[in-house]
Amino acid sequence: MTTVPASWYVVLGILLFTIGALGVLVRRNLIIVFMAIELMLNAVNLVFVAFARQQQAMDGQVMVFFVMTVAAAEAAVGLAIILAVFRNRETVNADEVNLLRW
Amino acid sequence: MTTLAFPDVAWLPLLPLMVIGATALLVLVADLFSEGPDYDALGWLGLIGLIVAAVCAALLWNQSGSTLAGTLVLDRYGLFFTILFAVGSGLTLLLSMNYLETTDIRSGDYYTLLLFSTVGMVLMATSVDLIVIFLGLEVMSIAAYALAGIWRTQVRSNEAALKYFILGAFASGFLLLGIALLFGASGETLLPRIGEVAATGTGEQRLLVTIGAALLLVGFGFKVAAAPFHSWAPDVYEGAPTAVTAFMAAGIKAAAFAAFVRVFVDSLGPLAGDWRGALWILAVLTMTVGNVSALVQRNIKRLLAYSSIAHAGYLLVGMVAGGENGNAAVLFYLAVYTFMTVGAFAVVIALGRRGQPHEDLDDWAGVGLRSPFLGFAMTVFMLSLAGVPPLAGFMGKFYLFSAALEAGYVWLTVIAVVNSLVSVYYYVGVLVKMYMAEGGVEAEATSARPYLFAALVATLAGTFLLGLFPTPWFEIARRSVESLI
Amino acid sequence: MFFLLSVPLVLFSLGVVLARSPVRSALSLVVALFLLAVMFFLLDARMIAALQVIVYAGAIMVLFLFVIMLLNLQHEPVETARPGQRTIAGAFAVVFALVLGAVALRGLPTMPGPGVEVAVTPSFGSVESLAERLFTRHALAFEVTSVLLLGAIVGAVVLARKIPR
Amino acid sequence: MHEVQPAVVVENVTFLWWIPLLPALGVLFHIFLGRRVGKTAVSVVGPSVVAAAFIVSLVAFIRVWLGPPGLVLQQVLWSWLPVGSLDVRFALQVDALSAVMILVVTGVGFLIHLYSVVYMHDDPGYARYFAYLNLFTVAMLVLVMADNLLLLFVGWEGVGLCSYLLIGFWYDNDANASAGKKAFIVNRVGDAAFLVGIFWLFWSFGPGSHTFSFSEIAERGRQLSPAVVTGVTLLLFVGATGKSAQLPLYVWLPDAMAGPTPVSALIHAATMVTAGVYMIARLHALYELAPISLDVVATVGALTAVFAATIGLVQTDIKKVLAYSTISQLGYMFLAVGVGAFSAGIFHLLTHAFFKALLFLGSGSVIHAMGGEQDIRKMGGLRRYLPVTYATFLVGTLAIAGVPGFAGFFSKDMILARAYAEAPMLWGLALVGAGLTAFYMFRLFFLVFLGECRADAHTRAHLHESPRTMTIPLVVLAVLSVVGGYVGLPEFLAWGDRFSAFLAPAVGGSAHAGGHPHLALEVALMGASVFVALAGIAVAYRFYIQAPQTPQQLAARWRRAYQLLWNKYYVDELYAALFVRPIVQLAHVLWRQFDVAVVDGAVNGAGGVVQETGRWLRRWQTGNVQHYALSLLVGTLLLLGYFLGRG
């Protein structure tokens, strides 16, 4: 069933990574920006799993385990930060968070 | 059920790490039982823990080894950084103890996060497994994101945390993709194994390793605030609580360099021909952008942020130079930089009061005359940052640039020297404000803030010591990089 | 099978980035994560596939939705769009994908080691094999995750706790 | 020229560090206690620490003088950088050259401190002023007592910093602030070259132990390739042109006159600006290995000497005249060291320190009396009101003009004689410069002290001689401006050139070691310079004392006599049209076009470009997090492109 080479999965992962990066760049809503970052991390997970399969090395899958942990930790702190910003400013628009510049 | 052979644990390499981690937990628990508003005891607890960790690391100086399946090593390189982080975090703790009184920050959480962050830093410096380095970086960063935003009632603190977090997570993504590619090329994440593949792998493997290296460069470049990955730094430095800014400038930058140097020298060394050129460009860009931008700043924290960017550039010069002298110069300069930058931020804190941070340069007018000690301290730090002999900053630059020259990078050295001379302009600009103008604010007597005073004395001592008697310290730095390569 | 999965995967990922409503973005992301889990399964990462569903789609996304609901953000804030930025960002993103994709295609097929079409040992990707690596070779990293999570909890609590008056 | 290198005798002593330490203690006193203890205490401490340093310096000087030739007193404070290939020590040394320099720095320095007590008395920043002045003294002493190039650089940077602070001392004045800035930027350029020179030198020494001490540089320099030595010495010289205000980096010095006058006297005339000359003399062994560099030094010096003198012709600000004359005189010193007459250069440095400090302090006294007025067209006839200033200023003017018997004559003559032997072209330039110097200095003198007083009534009513504390330094300096020259007489007179003989162990062969010029030739050369000096004075006299009234008065009374005088005046006119006016016009062109437009423009332009770049870069820092993320992505792409492009 799985007859495509591992490299296709890797390319798909890179494509997803890029879509995520694009989301970070263009969305105004900070929560969506953050979701896009989660998408990037997941894309890397796909790359890890594909490599793991190709190399017959379980370590790639173990990496995914760690990346998930990191994603969870980032989610906790990141959402808390967004909440704190919202409390002070009543906004989650990236364009309106620009007190600090120049 | 299969039985797992848990690897043999050699405890010695873990000792400093565990001391700091245990201290963090202790502070976390102690915080539950302490009643405000005086949290000095927690600060002391953290300080003692860091000192013990530093002493442990110093005692292990002649030991070597590794533990936990070779993922964590005990070598001088790691010990050097462990001690440096303990010193940097300790100084930050010290100046925080007085700083927090002028803010709404609850000290207990603050100290805990600071110590957690330090644990991450030590991991970055002592591990040779990319995944552990990545996790250490995340431990350090996540605590740092929270620290940047810990003054929750301040919109600027919020904003700093937000920017730091979004961009930090974004950059982590690139770093992680880089690690994935290295894993794809080698099937491993241990640095030595990646080094073998980089040296002897097939063309395809090396292609993957090269691209992985480029992505790692992005991730580390971000953390050390190298141009063009520096744009977060000015905003975050300005917005974060000043003590946290000091911590970022000293500790986090040093930790990022610790991992940066180890990864690139230890495992990507065979590709040096490729990355040296890239680092050359980054170094030039970073120095120039940092220094030129600093010229037009009016806010002292922002000015120091750009100065910190410029210093990342000088440090990259040392990495480009490479070799024992170049890498040792990087280590030495990081130590020097810890003292001078923490000291400079300590003076910034000393000038601020509750509700009035006094970060605008105009507030500094005449401070040198009204508060001779603060003026003297700031003068020393500014001149040292500018690289005026015989202070530590000069010696640091001297080692860095002469290493670059020895390695034959004449133009890079010239650009670096010109840059450091341009930088004198804005550092002296601060002095001119302090000594040549009138009308600024009155600083609170330092005697009323004993911890801050102690931090200032310690950083001053460090700046003089490393400048006037640099040799033994440079020798230590040199021994520390012997274990690399 | 690969294409059957990858086409919707890309579409839903684009949905995350393009949907106007944050809730729709979040739901797109959930679907994308499920599809990824299936992909993991195809790649003989059974345990990881399960974790993906439980941890990601289950826990993390619930957190996201919770925050979205908490802030009551039904729609994207008014777009103060600089159309320039979208175009530029899009262009750079495309270049990025092309460059890396090309590298992957060029670098991978001839790499040593079996490709996906080669069968693996039956235990590959099982709970046991994952645990075997996790608790031996990666014991340190595993321990570090505990510090990581603890730090994250402290950080999140510090930032999100009610501000004492 | 330098076949005979007298053996160096090093004697370790333990008192040298007191020389810089004493003023350093003064700095601490002023900064930490100055505002609390009041002006009287500051007035006592400020000068007396320098006086104490002077006494210690005197002890050091006498020991060097009486000791065996080539005696070097040395005090190693500690090893600064004993690592690997480096062994740089924090060591002070006093040899003959340093002995002269520390006497100048502390001696003249003390007089200027003393003078400042009154001059700056009503300034609100009194303690601050003395702190800077003491600090400057420390840095300058470190510069001249350093036993290695790195430590010298410590002092080099230190004096620059103090100079910058003191120029901008009256910070509330925009002109001062920008003058300080200009000095700073110009010196950055010089220092950049200087630093690169040091690095290059270090680099080219290669592995092995380096102390960077001057003796080692002299020794190892011989093993370097001539190209390297030439490059290094030229770079170091670029640094010297910045610090010592030579072409093309001289532009900051006239603006630096915005600082308090005693500062101009100490830093911008007597000591700091001579650091470049000192540095070259100190590294004479290295420079002697690079004939091209020496030629460049000599040529730049001679050109600067004439160039600055022509500009001096048309200045109307009393301090600006002195500033350009300082640049010009520094040019003579560089000419001297450039033709290998190191001791002559130092000799002129010494006498110049006396008479230029005197002239500056005198001008300070004038400005003080005139209520801050600096325009010489509004002065005149001050002889009556300021007798002491008048007399001492005259001595200084005679000395700088090169009138026989005064200090400047001997030192300038020594330079000219040597220049004639080495490079007659440069000698010609220098001679022209000497004539111009005599002219504009006496123009200044006549316009200020003789003739009618052109000040307004109010100012005139307040004209008064300065108090004793200010005039005593004037008198002392006037005496020195006369007798200071007698330490270095021409060889055929009385005791001959003791000065060069004294310096010989430190800076190589004496001025005349290259073979005595024929006695008759020497006398002829001397005659030529005397003639030129007197001619300059005479022309000035005619133009500024006689000519203004003569035409009209004589024309009205005696027609015939008028005819006669007219004719004579016509000659003058012709002369003026042929020689003077072109020079004056050239001077104007040089000043207005070159100096103001080109050089100022370049300096301000360079600073401006950097500032503008800073502003431009700043706009990228929009505060928008997504712009930052975009820059990150772009950076990533560039990196990938780089790596792939290579691979």
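Here the chain labels run A, B, C and D in written order, and each chain numbers its own residues starting at 1.
Everything below uses one rule, namely that a residue touches a chain if its C-beta (ideal position, glycine included) is under 8 Å from a C-beta of that chain, and two chains touch if they have at least 3 such contacts.
Predicted, not measured: the structure shown is a model, and the values here were computed from it.
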Steps in the shortest chain-to-chain touch route ending at chain B and beginning at chain A: 1
Chain pair showing more contacts of the two, A-D and B-D: B-D
Distance from chain D to chain A - Cα centre to Cα centre, in angstrom: 65
Centre-to-centre distance between chain D and chain B (centres being mean Cα positions), rounded to whole Å: 44
Separation of mean Cα positions, chain C and chain A [Å, integer]: 6
Cα-centroid distance, chain C relative to chain D, in whole angstrom: 70
Per-residue multi-chain contacts in chain C, two or more chains: 85, 89, 93, 96, 100, 103, 107-108, 111, 113, 132, 137-138, 141, 145, 148, 151-152, 155-159, 163
Junction residues of chain A, two or more chains touched: 10, 14, 17, 20-21, 24-26, 33-34, 54-55, 59, 62, 66, 70, 73-74, 77, 80-82, 84, 87, 95, 97-101
Shared interface positions of chain D, touching two or more other chains: 618, 621, 623, 625-627, 629-630, 633-634, 636, 640, 644
Category of the chain touch graph - line, ring, star, complete, other: complete
Contact footprint of chain A on chain B as seen in their complex: 131, 134-135, 138, 142, 145-146, 149, 152-153, 155-156, 158-163, 165-166, 169-170, 172-173, 176-177, 179-181, 183-184, 187-189, 234-236, 238-239
Chain C - residues contacting chain D, complex: 85, 88-89, 92-93, 95-96, 99-100, 103
Residues on chain D engaged by chain C in the complex (per definition of touch): 626-627, 630, 633-634, 636-637, 640-641, 644
Of chain B, residues touching chain C in the complex: 2, 4-7, 21, 28, 67-69, 71-72, 104, 106, 109, 112-113, 116-117, 119-120, 123, 127, 129, 131-132, 135-136, 138-139, 142-143, 145-146, 149-150, 152-153, 161, 184-185, 187, 202, 204-205, 207-208, 211
Touching residues (chain side chain D, partner chain B) in the complex: 31-32, 35, 78-84, 90, 128, 150-151, 153-154, 157-158, 161, 164-165, 168-169, 171, 180, 184-185, 188, 191-192, 195-196, 199-200, 202-203, 610-611, 613-615, 617-618, 620-621, 623, 625, 627-629, 631-632, 634-636, 638-640, 642-644, 646-647
